[in-house]
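Here it is, the structure in full.
A, B, C, D, E and F are the chain letters, set down in written order, and residue numbers restart from 1 in every chain.
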Amino acid sequence: MSEFTRADGRTVGQMRPVTIERGWSAQAEGSALISFGNTRVLCTASFTPGVPRWLKGQGTGWVTAEYSMLPRSTNERMQRESVKGKIGGRTHEISRLIGRSLRAIIDTKALGENTIVIDCDVLQADGGTRTASITGAYVALADAIEWARAEGHLPRKAQPLKDSVAAVSVGIVGSTAVSDLAYIEDSRAETDMNVVVTGSGDFVEVQGTAEGVPFKRAELDVLLDLALASTAELTQLQRDVLAGETAGA
Amino acid sequence: MSEFTRADGRTVGQMRPVTIERGWSAQAEGSALISFGNTRVLCTASFTPGVPRWLKGQGTGWVTAEYSMLPRSTNERMQRESVKGKIGGRTHEISRLIGRSLRAIIDTKALGENTIVIDCDVLQADGGTRTASITGAYVALADAIEWARAEGHLPRKAQPLKDSVAAVSVGIVGSTAVSDLAYIEDSRAETDMNVVVTGSGDFVEVQGTAEGVPFKRAELDVLLDLALASTAELTQLQRDVLAGETAGA
Amino acid sequence: MSEFTRADGRTVGQMRPVTIERGWSAQAEGSALISFGNTRVLCTASFTPGVPRWLKGQGTGWVTAEYSMLPRSTNERMQRESVKGKIGGRTHEISRLIGRSLRAIIDTKALGENTIVIDCDVLQADGGTRTASITGAYVALADAIEWARAEGHLPRKAQPLKDSVAAVSVGIVGSTAVSDLAYIEDSRAETDMNVVVTGSGDFVEVQGTAEGVPFKRAELDVLLDLALASTAELTQLQRDVLAGETAGA
Amino acid sequence: MSEFTRADGRTVGQMRPVTIERGWSAQAEGSALISFGNTRVLCTASFTPGVPRWLKGQGTGWVTAEYSMLPRSTNERMQRESVKGKIGGRTHEISRLIGRSLRAIIDTKALGENTIVIDCDVLQADGGTRTASITGAYVALADAIEWARAEGHLPRKAQPLKDSVAAVSVGIVGSTAVSDLAYIEDSRAETDMNVVVTGSGDFVEVQGTAEGVPFKRAELDVLLDLALASTAELTQLQRDVLAGETAGA
Amino acid sequence: MSEFTRADGRTVGQMRPVTIERGWSAQAEGSALISFGNTRVLCTASFTPGVPRWLKGQGTGWVTAEYSMLPRSTNERMQRESVKGKIGGRTHEISRLIGRSLRAIIDTKALGENTIVIDCDVLQADGGTRTASITGAYVALADAIEWARAEGHLPRKAQPLKDSVAAVSVGIVGSTAVSDLAYIEDSRAETDMNVVVTGSGDFVEVQGTAEGVPFKRAELDVLLDLALASTAELTQLQRDVLAGETAGA
Amino acid sequence: MSEFTRADGRTVGQMRPVTIERGWSAQAEGSALISFGNTRVLCTASFTPGVPRWLKGQGTGWVTAEYSMLPRSTNERMQRESVKGKIGGRTHEISRLIGRSLRAIIDTKALGENTIVIDCDVLQADGGTRTASITGAYVALADAIEWARAEGHLPRKAQPLKDSVAAVSVGIVGSTAVSDLAYIEDSRAETDMNVVVTGSGDFVEVQGTAEGVPFKRAELDVLLDLALASTAELTQLQRDVLAGETAGA
């Protein structure tokens, strides 16, 4: 495997440069502009007191997410879903994945009857938009919770975050398992897997799909190894960014 | 683990009674009414010469799927998606999963420029509707292909089926890994995983989700063992059913 | 008229074999799988305490119905209305007809502030789907009311059913009036009439349409005679079925 | 029956004043503003060479209709269907009825591959909007066909009209059968029937509905007598109007 | 400029014949059928006690408007927006313009917590439909307010009308500025401007658009002069009409 | 007027800091991230050979625009229009305005049968989003045309740009006319006017609206003076930016 070369010169387990611009939005309670190479996603967290009707009176909060791509975030312009008048299956699927991933590390009792809506808008797409979204969304979420404590919407000692969460895509490209696929790799991958992992290293989601040839159990094991290594790096970056000062409003 | 008892008395790796009524529909080119216990899904395969516009002239066929639940297939009546005017995220997600699972075992070149649409309509729901759908859809698909050969829409020797495919849900319920979750188990599972496996025993899809506590790698391994055992049973049942005579039209 | 032969050998006033499988669904409060020959409709009745907002506080109940066809219930696959994003005119028309037919034999005062929603889903279509729906829906409705009494949602002596109701299609095919048209007859009928009749033999709905040549009053009279004879048979079958034991949950 | 008095003093078989203003629209190929008392409907006929795709190359024409009510045509303002984003069941039902009624008197071969779209827009509603629509639509249709002949879109001798068509509502109000129900009568009718009749006196549509008590066969007979008498009057008025000069463009 | 001749012989500042038929509708609280030449718009005003939820408890009323064109109001039939399932941009834009124009002359405090909905339905279109709509809507609005005072929904001395409002289109056609463009002029205008003016001669809206060549400040000034002259005429007509007796219900 | 102070210390005619980051997107043929103070809009231009069906074969090109706001671009989160399933009136209105403004300076013959779609997505909103959109869109458009020439989609000497275009909002706030209103000024403006001006100083659009008190002609004149001065500044900035090197792809 040593002589395998990826299109952009990365080693098999190497992620693209990842940056997180915390507090990018002047309006949202928490926000982050995250880049995985050329993939750029603006994540905002909107905090509102109160919960949807079906949750009222239970003393628990709610976290949900919406994902969307700008029409020209991709190489060819896509029609807007607002113009089509309906949301496509892929958008629904990713929005639900982001929401589940964040709820997995939230203590909804500690959140009280408050709602946080996460918006992940892809400004530029080059593979890995859903995993970048989850990773950036966690930072926006953490800042919105901090804001709520500072504003008195949550008790000073409330800690709704049970852990952190990050995600990466791994896959088999030309018989080789690699981490953090760029679009050009993703489009010709035989197997594509998105893995969502907590800061403690446990799995929140494992979604593996054979695009071409079905995959063997040994291949699955290698992919999971890569994913755990990459998400550990992302966890460290999230910690560093949140330890710094907010750039935003 | 030996003293663990499931609500319906099954052992951890035991599936509910599975039956496949092949050729249930008098109209479709292939069909199967499949039951996993109280879960009943009507799967039909509609064969049409020609392909969607974006595939024309490439000499390859197309297989796609749509999943839906009757409004009173569930314990409480749900509103119809046709009445709401839009398809929900869960429906989209499952339709896409069924379609991908079937395409994984199809040689689209051998299918020629023909389209097969699979419809999986849940008549009664008690957990595992998507895995029952995939397992039943394969039988309907195989019969539609046989029909197309008999009618001369495909060459006598064409074999678009590269393998068979079946699926099962596995999960961790009360700290124990079990196979083929009924609704009551599914609703309180800590981890829920849908696994789609070819007749040869390779993975097409692995979708594991932590509903409560994130899961550890060792748990993932036990779940995959259960899934491979159950799908091997389903594969054998599919073979037996397809070796028999068609009941239908 | 004696030597006229129908495609399937029936006499002019003879219905196709009619069967009603009562209690087919394990989930619904009342259900029936009805067949008029190859036409098969699953009818479920969902009982819910309470009424829509516009009826609140008036002490009366509500019965409504929804009709739908599975995409491959017909000879050529139809697009799903949930995918189109809207319900077609024919579906609306039939849903409204079923609802009106059932309300005609319901004493809404005796039903109290409760709602019953009838779903008629056509699993297989070969003509007469709307009349089979009405006939089967009555059985599901009767069982849901019985269930509500047993569960204490209605007083023991409440009798919201004022009568029974059944329906048949009649028409003029090749100058001859016939009853219970199969699809092949319906598609070339000059006049098509759906007649909904109470157990007492009075009319609830008479909907006659000239598909080709306008019809004369004498023809209308013959058609009504046929319809009354056939619905009397259906009424008897409903009674027999409801006098038996429930097969269902 | 002689001493029965209707709210507006009419006898049981008497229609409200009916007027037809032919050629009301300066734009349409045929048009009529028809009044049945306070009910006023603007009917336009739009002639276009060519037919919908599914009819191409068969040498036959197409006639279809759309019905709609202005939001404040009724006593209380209704929401626009364009604002709701979907067309209701009642609108669909009436549009389809108007279309079928007109096609019953059209020789589509003689129409050639041309399309006529009828629009019936209710400007003011006081009962009988669907029957006024059909009656006025015939006049607009006849003028559009005349226009097409004059403009050379149809051969000079082509006669696509096989007959004329008119419609009236009849019903049982307070145990008495009456013709041409105004809204106040319609809202408390026990049985309501819309009858569409050709100029020759044959039936195109008979749609009777028991709103309260199911109706007996003898009642049905009386209602049909009234309907035939009233539609004969309407047929005569249509002839008189079409024999005059066009007021319109 | 003296020898310039418009297609219909008018001088540059001359409007087409304008008529207002007040009280055209028997149902609405206020109504007017207004004509600017061949352009005919039915304007109704619907008065309802109460306000939308977001205004409740503030002691102020609400006035809003909806604009629509009948499908065959134009020279070629347009598809209905209810059939398309959505309202187009132009319709939205004009509805919002009419609403803003009327609210500009309404004292919402004096209106109390009441709502008036204006509907402007174009029966026939020949240019200037939005300006005719505003001008006619004012008359309907004034009558609805008078009705509300007479019925006791408003105090006898309440005067929610602060002023009157009227509108005209002006434009540059073939280098010449003209008033009240008919469709044939509008379609080849270089600049098109809609001007909404109060009875006192102040501006409510000025919307000028260069269709071809951008316009110069001097041209803008000439167009405004024309608009002020024409709207002064319309204001006088509105006063005359409202001083007369209501024709309507 | 000299002692009047704006909330952010600006003089009446002073714009907020305006920056244009050219080539922000790596995917689009032309792009610009424009800021008017805290208002930030991402403008992309997508060039595609070919035109919509209704323009084919006429030898002319097409330029159109779509505007949208991210859900949390505003101070309170708005629901996505894709989730609502329809585009609101304001969005339609602004999309149409941007498209018209750009087409006013395009020679569609010189563009050949090519289409350019402009997307203006508001990342952060603080007043003036539509005027910032137009101003930034021009830069993206100019770069897309330059790209098309470089790639050979347009002849080397083709110049589809007849002029440049820029826009500003002006308004009367507390009796004083000011330029480039921030959200806090806009929300309490008595009159609000958006003015679109070519590089040569002629008007493309003038849209003035009285939000409170109708405005007088003298006020209109002052507002136009301010608008011409501010757009002249924007024109200069566009020239400077386009004279520099592209930062983007």
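Here are a few things to note about the model shown:
Definition applied: a contact is a pair of C-beta atoms (placed from the backbone, for glycine too) under 8 Å apart; a residue touches a chain by one contact, two chains touch by 3 or more.
Quantities reported herein were computed from a predicted structural model and do not represent experimental measurements.
Contact with both chain C and chain D is made by no chain of the assembly. Here the chain-to-chain distance from chain A to chain D, counted in touching steps, is 3. Although chain A and chain F share one sequence, what matters here is the overlap of their interface residues, and that overlap exceeds half of the numbers used. Relative orientation of chain B and chain E, expressed as the C-alpha superposition rotation angle, is 180° to the nearest 5. Centres computed as Cα averages put chain B at a distance of 33 Å from chain C. Centres computed as Cα averages put chain C at a distance of 51 Å from chain E.
Touching of two or more other chains is recorded for residues 85-87 of chain F. The sequence of chains round the contact ring, opened at chain D and continued through chain E, runs D, E, F, A, B, C.
For chain A in complex with chain B, the touching residues are 86-90, 92-93, 95-96, 100, 104, 163, 193, 198, 200, 202-210, 213-217, 220, 224. Residue ranges on chain D touching chain E, taken from their complex, read 25-28, 31, 38, 42, 44, 46, 48, 66, 68, 70-75, 77, 80-87, 91, 117, 119, 121, 123-126.
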